[in-house]
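Below: a set of structures, written as C-alpha cells.
Shared chain: subunit A. Partners: subunit B in the first complex, subunit C in the second.
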Partner chain A sequence: MTDVNDDLLCVADTKLVLGNWFAECVMNGRSLPDFAAMLGMCTASYGQARAIYQHLAPGQEAYAELERGRGPAEIRSMQLLDVPPQNWEDLVMAAYLAEQSSWALMSSLLATDDRAVAAIARKIGEEAYFHLKYATGWFKVIASDVEGAERLQDSLARRIVLARDWFGADDPGGGVMPREGAMGGRALADGFIRNVERDLAPLGFQVPSEPAGGHAIAGSWDQTRRRRDDLPAGLFEVIRFKNPEYAH
Partner chain B sequence: MDRPPDRHLFARDPDFAQVTCPACESGNTEVQSLTGSSASEVLFFCRNCRSCFNWIKWQHQLPPSAAV
Partner chain C sequence: MTSESKQKRSTVTGVTDPHSRPRYYEVFARKDSSDALTHVGSVEAPNDDLAEIRAWYVYDQHRWREMCVVPTDAVVTVRPRAGDVIRIKPV
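Take a look at the complex of A and B:
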C-alpha cells in the first residue's frame, strides 16, 4: 500500500468508528432534529468509509477483507475516538474534532493528480461542511450554559491532544503524503488548530496550546496506522462486522 | 440543556439566505431541521405558503482547508 493509501485507510477507519459512535449515541439526542442529524451523519460516515474501501480494494474479496476481515490491531481509526463519550458535550466535541482533523488531511488531497482520490476528498468535504455546521450550532447553545460550557472545555482539553497527535511528526519521513508540494504533519496540524480556533474562540472557549516537550501520550507512534496502540477490545466489539452473510 | 429550534439557530446563516420555496417561490423560508428526510437534505418551512420542502444541502461548499 502506498503512503497516500495508508492515510486514506486511516480516514476510512476513522469514519467507520465515527459512524458507529453516532449509531450508538443516537438515542441520546436532545430533540427530533438531533436524531435526524445523527442518523444522517451515521450513514454519511459509513458511506465515506465504504467509498474509500472500494477505492483501495476494488475486487470483491479484497474489499470484503478490508471492510470486515481485519482485527483490532489492523484498524487504523483515530485514537481520539477510542474513549467513548462521557456526556453530551463530549460527544459533540469528539465528533467535531474527528470531522475537522480528518477533513484537514483530506483537504490536502483536493488537488492531487489522482482524480478519484480528489473526488472522494471533495465529497467528504461537502458532507463535513454540514456535519461541522451541526456541531458548531451546538457549540453556540452550550456556550450559553455555564456547566455545559465547562464540560465542553474539559472535553476539548482532553481530546485535542489526541487530535493533534494524529497528524504525526514533522520530519521528512513522518509527514503527510510524501509527494511534491505535500505538507508536513505539523503544518497540517497547525491548519487544523487554526480552523478549530476560528470556530471556538469567538464563543469563549480556549484551544489549549501544544504540551511542552512534544507528545504526552503513551506508546510509540506508528505512522502507517497513525496510532500508538491497538484498537481497544471493547470498541472493536462495537465496530466489527457482525453478520457478514448480510453483506453486499 | 435544550437546543433551540434550528429555525432560530440558523436564522441568519448565509448558506440558507437565498433558499426559496419550490411551491410559491417565496424567499420567506426557515430551516426546520438541518437534516431532512435523507442525509443529503435540509428540511425547510415556507412561512408564505406554510409548506415544508427538502433542499439538497451539497452546494459545493467545503470547510476551510487546513492545507493553506
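Take a look at the complex of A and C:
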C-alpha cells in the first residue's frame, strides 16, 4: 500500500469509528431533529468509510477483508476516538476534532492527480461542512452555559493533544514520510489548529498551545496507522462488523 | 404562558439548555434550477447554524439543489389567515 493509501485507510477507519459513535449516542440527541442530524452524520460517515474501502480494495474479497476481516491491531482510526464521550459537550467536541482533523488531511488531496481520490476528498468536504456546522452550532449554545462551557473546555484540552498527534511530525526522526508535493504533518497540523481557533476563540474557548517538544503520549508512533497503540478491545467490539453472513 | 408550561414546552422541544432560546425556521428547497423555491417544512433550533443542519437532515427526502432556512419571526405577513380580513382600524 502506498503512503497515500495508508492515509486514506486511516481516514476511512476514523469515519467508521465516528459513525459508530453517532449510532451509539444518537439517543443523547437534544431533540428529535437532533436525532435525525446524528443519524444523518452516522450514515454519511459509514458511506465515506465504504467509499474509501472500495477505492482501496475494488475486488469483492479484498473489500470484504478490509471491511470485515481485520482485527483491532489493524484498525487505523484516530486515537482521539478511543475513549468514549464523557458527556454531551465531550461528544460534540470529539466529533468536531475528528471531523476537522480528517478534513485537514483529506483537503490536502483535493488537487491530487488521482481523480478518484480527489473526488472522494471533494465528497467528504461537502459532508464535512454540515458535520462541522452541527458542532459549531452546539458550541454557541454551550458557550452560554457556564458549566457546559467548562466541560467543553476540559474536553478540548484533553482531546486536542491526540488530534495534534494524529498529524505526526515532519522531522525524519519522527518516522514520517511526507508524500512528494504534499503538505507535511506539521503544515497540516498548523492548518488544523488555525481552523479550530477560528471556530472556538470567538466564543471564549482557549486552544491550548503545544508545549516545546510536544506532549508526552504513551506508546511509540506508528506512521502507517497514525496510532501509538492498538484499538481498545471494548471499542473494537462496538465497531466490528457483526453477522458478516448477512452482508452481500 | 406560565413558567410551568414554559418548562414543559422546553422539554417537549428538547431544548435542555436554559440559556438557549429556541427559534422556529421555515425551510425552503428546490430540486433543480427550473423549480420554484418551495416551502417544505419547518424546524426549531437554538441558532442559525443548527437550523441549517437540522433542516438538511430532517428534509432529506430529495437531493436538493438548493435549500434555505428563514427565521419564522422574520416573515412579514401580507395577508393574514382567514378571520382578520379587515386589518385597517375602523374610524
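Keep in mind that, in the parts below, the second predicted complex is superposed on the first by the 238 of 248 C-alpha atoms of A that agree within 3 Å, B and C clash if a C-alpha of one lies under 4 Å from a C-alpha of the other, contacts with A are read in each partner's own complex, and residues count from 1 in each chain.
Just so we're on the same page, a contact is a pair of C-beta atoms (placed from the backbone, for glycine too) under 8 Å apart; a residue touches a chain by one contact, two chains touch by 3 or more.
Every value quoted in this text rests on a predicted model; they were computed, and no experiment measured them.
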item: Superposed partners subunit B and subunit C on subunit A - clash or fit; value: clash
item: Touched partner set for A:R122, first subunit B, second subunit C, both or neither; value: first
item: Which of subunit B and subunit C A:A104 touches, first, second, both or neither; value: first
item: A:K140 touches, of subunit B and subunit C: first, second, both or neither?; value: both
item: Contacts of A:L188 with subunit B and subunit C, given as first, second, both or neither; value: first
item: Contact breadth on subunit A, by residue count: subunit C or subunit B; value: B
item: Contacts of A:F130 with subunit B and subunit C, given as first, second, both or neither; value: both
item: Partner chain(s) touched by A:A37 [first = subunit B, second = subunit C, both, neither]; value: both
item: Subunit B versus subunit C as contact partner of A:V26, first or second or both or neither; value: neither
item: Intersection of subunit A interface sets (partners subunit B, subunit C); value: 30-34, 36-37, 39-41, 130, 133-134, 137-138, 140-142, 145, 148
item: Residue ranges of subunit A in contact with subunit C within the complex; value: 29-34, 36-37, 39-41, 130, 133-134, 136-138, 140-142, 144-145, 148
item: Subunit A residues touching subunit B - in the complex, by the definition given at the top; value: 30-34, 36-37, 39-41, 43-44, 88, 100, 103-105, 107-108, 110, 122, 125-130, 132-134, 137-138, 140-142, 145, 148, 183, 188, 190-192, 194-195, 198
item: Of all residues in subunit C, those that touch subunit A in their complex; value: 13-20, 43-50, 52-54, 56-58, 60
item: In the complex with subunit A, residue positions of subunit B that touch it; value: 1-6, 9-10, 13, 15, 32-36, 38-39, 42-43, 57-58, 60-68
